[in-house]
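What follows is a single structure, and I will ask about it in a moment.
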Amino acid sequence: MSAAQAASSVVKTPLREEPVENPYLPYPVRIDDITVESEDRNLKTFKFVFLNPDDERKFAYNAGQFAELSIAGVGEIPIGIASSPVEKGFIKFTINKAGVVTTHLHNMKVGDIMGVRGPLGNWYPWEMLEGKNVLIVGGGFAFTTLRSSIIYMLDPANRKKFKNISVVYGARSPGMLLYKDELIAWEKRDDIHMNITVDSTNDPGWKYNVGFVPPITEQKAPQGDADSYAIVCGPPIMIKFTQPVLEKLGYDHDHIILSLENRMKCGIGMCGRCGIGRELVCKDGPVFTLAQVNRTPKEY
Amino acid sequence: MKVIKIDKSQWSQTLEKIRGAYRLFGPVKEKTFHNFTELSDGQSPDLAFQNTRLSPKSLVFPQSEVMLNYSLDEADADHHVPKEAPKDYSPRAVIGIRPCDAKALALVKMNFDTDQYKDPYWLNLYNATTFVGLACDAPCGTCFCTTAGCGPFSEEGLDVLLVDQNDHYVAKALTDKGTQLLQKTGSKETTAAAIETAKIAAEAKITAKIETDNLRGADMMALYKAGLWEDISFACLNCGTCTFSCPTCWCFDIQDEVYRKKGVRMRNWDSCMFPIFSVHTTGHNPRDSKLSRVRQRFMHKLKYFVDKYDKGIMCVGCGRCVRQCPVNIDIRKVSALMNQLGSEARCAVKGS
Amino acid sequence: MSDWEPKIVSFLCNWCSYGAADLAGVSRMEYPPNVRVVRIPCTGRMSPKFALAALREGADAVWVSG
Amino acid sequence: MKNLLVTMGIDPDRLHFSWISSAESTKFVKVVNEITAKVKAIGPNQRFVKKEAKVA
Amino acid sequence: MSTYTDKIREIAQRLLKECRVEMVIGFRQGSMPMMNEPCFVRKPEEVDRLVWDSNCGINLANYLTNRKEKIGIVAKGCDSRNIVTHILENKVKREQLVIIGVPCQGMIDKRKIAASIQGEILAVSETGGQIKVKSAGGEKSFNKNEVLQQNCSVCVHRNPVIHDEMVAAPVAEQTDVDQYADVNAIEAMSTEERWEFFEKLLAPCIRCYACRNACPLCYCPTCFVDESKPQWVGKSQDPMDVRTFHFLRAFHCAGRCTDCGACERACPVGINMRLLTKKLNKDCLELYGWQAGLNLDSRPALDVYKANDPEDFIH
């Protein structure tokens, strides 16, 4: 008889404390809809519904958080939540085809079963932003959590909590802009000031801006003051050049809010790989103010 | 708390009594080194060791561990839905863990047991285990536990402290778990007086030091940007020996593996020394040089951790990385350099 | 055991052995069905990794032919 | 390659190399027959196969 | 040995002063007995850091890969052969290097010493061919030849094959050694025995990759174990994954390995993975008459075709 069998054959004193919920177990979801977002077909938006209705309640999230999309047999990938807390009955993620998991995901079909683990990380500081002007600066496919934020702020129940809302959003070309229908709808509203831009286009019918995000921000974005915050999310190069522009516009470093990304596995601060300085991007972030980022090694 | 005396002539019988209620683990000699493994029936741990080659962290944090199971067969009702892998969390006891290794587990617990999330695999094993520590009478020349917030008789993280008194052991219960285990032995009680004397003698034997007193107040970015890292990191091979042998290193990787229609999600130890550890899907690697990886390891242990938890350094002075580094990179030297720099670069705003 | 048939993963050069296999096919020759053919552009493309990958996945033998 | 596999304890008949021109369909058939016979003789491969992870 | 140290310092100082090199790569005194740490020196006044003794087993060619500076490098026989391989594989240019050759009489295997004494080793000193070891259990003396690394004891290229400076006159090469006794022993085993042998040999592996990283030949930007599309090998402790790693690692060194012993020396769990590379070395020697890194003029066995290359493994 092995030691293990011997141990299990005797009456044991319960040493184990009450069972803990397993944060590595994903909620099972079904792919409900897939939308191709960009002309190069590398960006698709996936709409998921929870297999167990109760899980949707457990998955209560805030705009700016992310989740681990989990495909059995393939792996997991951290993705910002593109749907908004005010949208019920589903969650949405826009995914760029890049690595092993995302490529597999791009080949999946409506009806397939996979998992979602989260919500993870912190979110844009909505309580702090109440009663303030909010400038949103986004580029490329990093617009996902910004979409979530805009939908959240424009919700009739929330809109009055914020003062002016301005948006600068850029992509390489018109065909690469995400959520085109919504962009056009927002463009027509008067309670949000949209500045859509593309790096370049040969479409003669293009009636919005042409140019990179930083100069468009400089020209079109409102001045910063004690009552104004800027949320910036985009590729590193865009963040790098937007930062001095925002400074010039008068945004303090602790009024500039960034969303970082790093290689992650667990998403819950255990596995250690996304650490920069003493912060863990997955748990203490991904949302940081520029002031916080300045005090941290540039390892993202 | 209960203190008992176990005659060495009664040692194996005592172990068998404990075995009635616990799976036993302990150090076993393999060729020239000791390692922790499960003890088979009748096997006693070999307690004549200085320190094991690998730390016993694998007892609660196996190098490879299955987390979830799932079926990929669409004929199954719950295909593609992972389930927690069944594990044996019956009571276990580690006999002869060194105080430094037990303290290391207590440090690592801060990572796996947080207010927000609990790691079930690590915690279940940790909670199922009773740690019977063996006080260290003959520390290695490379042990520097007394200056690393630990010591040869340190009790932190232990449930029982076992002290070798030539012809007998004195066992002192430190927690309720420890008392429960000692009750199984049926041995007679004694006093803890001898422990104190032995402790003083053992602590006096430790001469190696790690200097850390200025690290807490030092400016993180000044240390990060300091010029000392090229010299420190030059010899490094970026192998994972230091991290894998370290009792306080906990980083891991999560992998899926599929065998026909069944699959598992498992985790494996990982190391910040490996370039792939931090590389993004885009190919961008925030720590793309040897220098930045070596810096990450030492900064994490000696600065980031210190700032994050305010519980001292993430090192217990077991000396394994010093002894096993193939190119002799020595954390004591690195810490001394950082500490010296720390005294020059005090932080303007404390704790910022 | 008696109904076991070996699986032989065969890495065949596009220009040589793969052509020979093709010719054997159009010539209606008979050969055992145990080979599983992987066409490679040239045996220079062959890597020890491929052979090991085949064995790891349960192949009973590996055959490389130029 | 073969030498090292064999050194590690793989049966030499599990790895074959050959050289067949695109016109040599007869040789192709002959080699397939030979190899199949050899592999049948040594039985199924039990080594270097990963059936499931032997981990905790 | 101390004369080696003096001479190395003297040469290094001269090279740095004359600005012929920007840095000198060598060894500095380690913090433990029988351990030295590879280091660099950039200033002439810092050359006193450099030392040489019988504990300089790490292969310094490893530190040259893709460096752009002009470098002086201390090199014993095997290091010099790996430098040759590096030059042939375009990892460093000959013009960049000033090679400070060290005739080598073998490096000490600290595991051999540790295994034959009681308690912890406190201090080790060397005089003549005698190694004096002070340990917790007292003092013991060894004849150096008895405690050499196994690769050193059968080494037939102790003198640098390429050098610009020499710290001493060449030493006599060993001629009567049986280089491949251990490989022959394995070849004599049955298939089953071999499988079991390697199962046991590789069982302690913790996959820290110290063997790979200590090896000057392993400089691929992305190692096959890190590739994910496709993933060739699992990352767990599964014995088959461990074996796959060791097999492919060894195979990548075919025709390139100089048997410097860095892999074995670096292994924290004492695996003799050299048995795999040595088998390949032996094959290269027997089949193609090739030994890696002996001179700059001949191309490696596996990148040239000769009409008389053996081909009896092909049907």
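Which chain is which? They are A, B, C, D and E, in the order written, and residues in each are numbered from 1.
In the analysis below, contacts are C-beta pairs under 8 Å (C-beta built on N, C-alpha and C of every residue); 3 or more make two chains touch, one makes a residue touch a chain.
These numbers were taken from a predicted model, which means no experiment stands behind them.
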Of D-E and A-B, pair with higher C-beta contact tally: A-B
Central chain (distance from its CA mean to the mean of all protein CA atoms): B
Chain whose average C-alpha position is farthest from chain D's own: A
Relative to chain E, chain with the most remote C-alpha centre: A
Centroid distance [mean C-alpha coordinates] between chain C and chain A, Å: 47
Distance between chain centroids, defined by C-alpha means - chain B, chain D (Å): 45
Approximate Å spacing (C-alpha centroids) for the pair chain C, chain E: 39
Chain C: positions in contact with at least two other chains: 48, 52, 56
Shared interface positions of chain A, touching two or more other chains: 99
In chain B, residues with contacts to at least two other chains: 63-64, 253, 255, 257, 266
Residues of chain E defined as touching chain C within the complex: 224, 230, 232, 240, 244, 247-248, 251
Chain C partner contacts - residues on chain D that touch it in the complex: 1, 5, 10, 13-29, 31-33, 35-36, 38-40, 43-45, 47-51
Residue ranges of chain E in contact with chain A within the complex: 228-229
Sites on chain B touched by chain A in the complex: 19-24, 38-41, 67-68, 70, 72, 78-84, 88-92, 111-112, 114, 116-120, 123-124, 127-128, 130, 177, 180, 220-221, 224, 250-256, 258, 263, 265, 267, 270, 272, 277-282, 284, 286-287, 292, 296, 299-300, 303-305, 307-308, 352
List of chain A residues in touch with chain E within their complex: 99-100
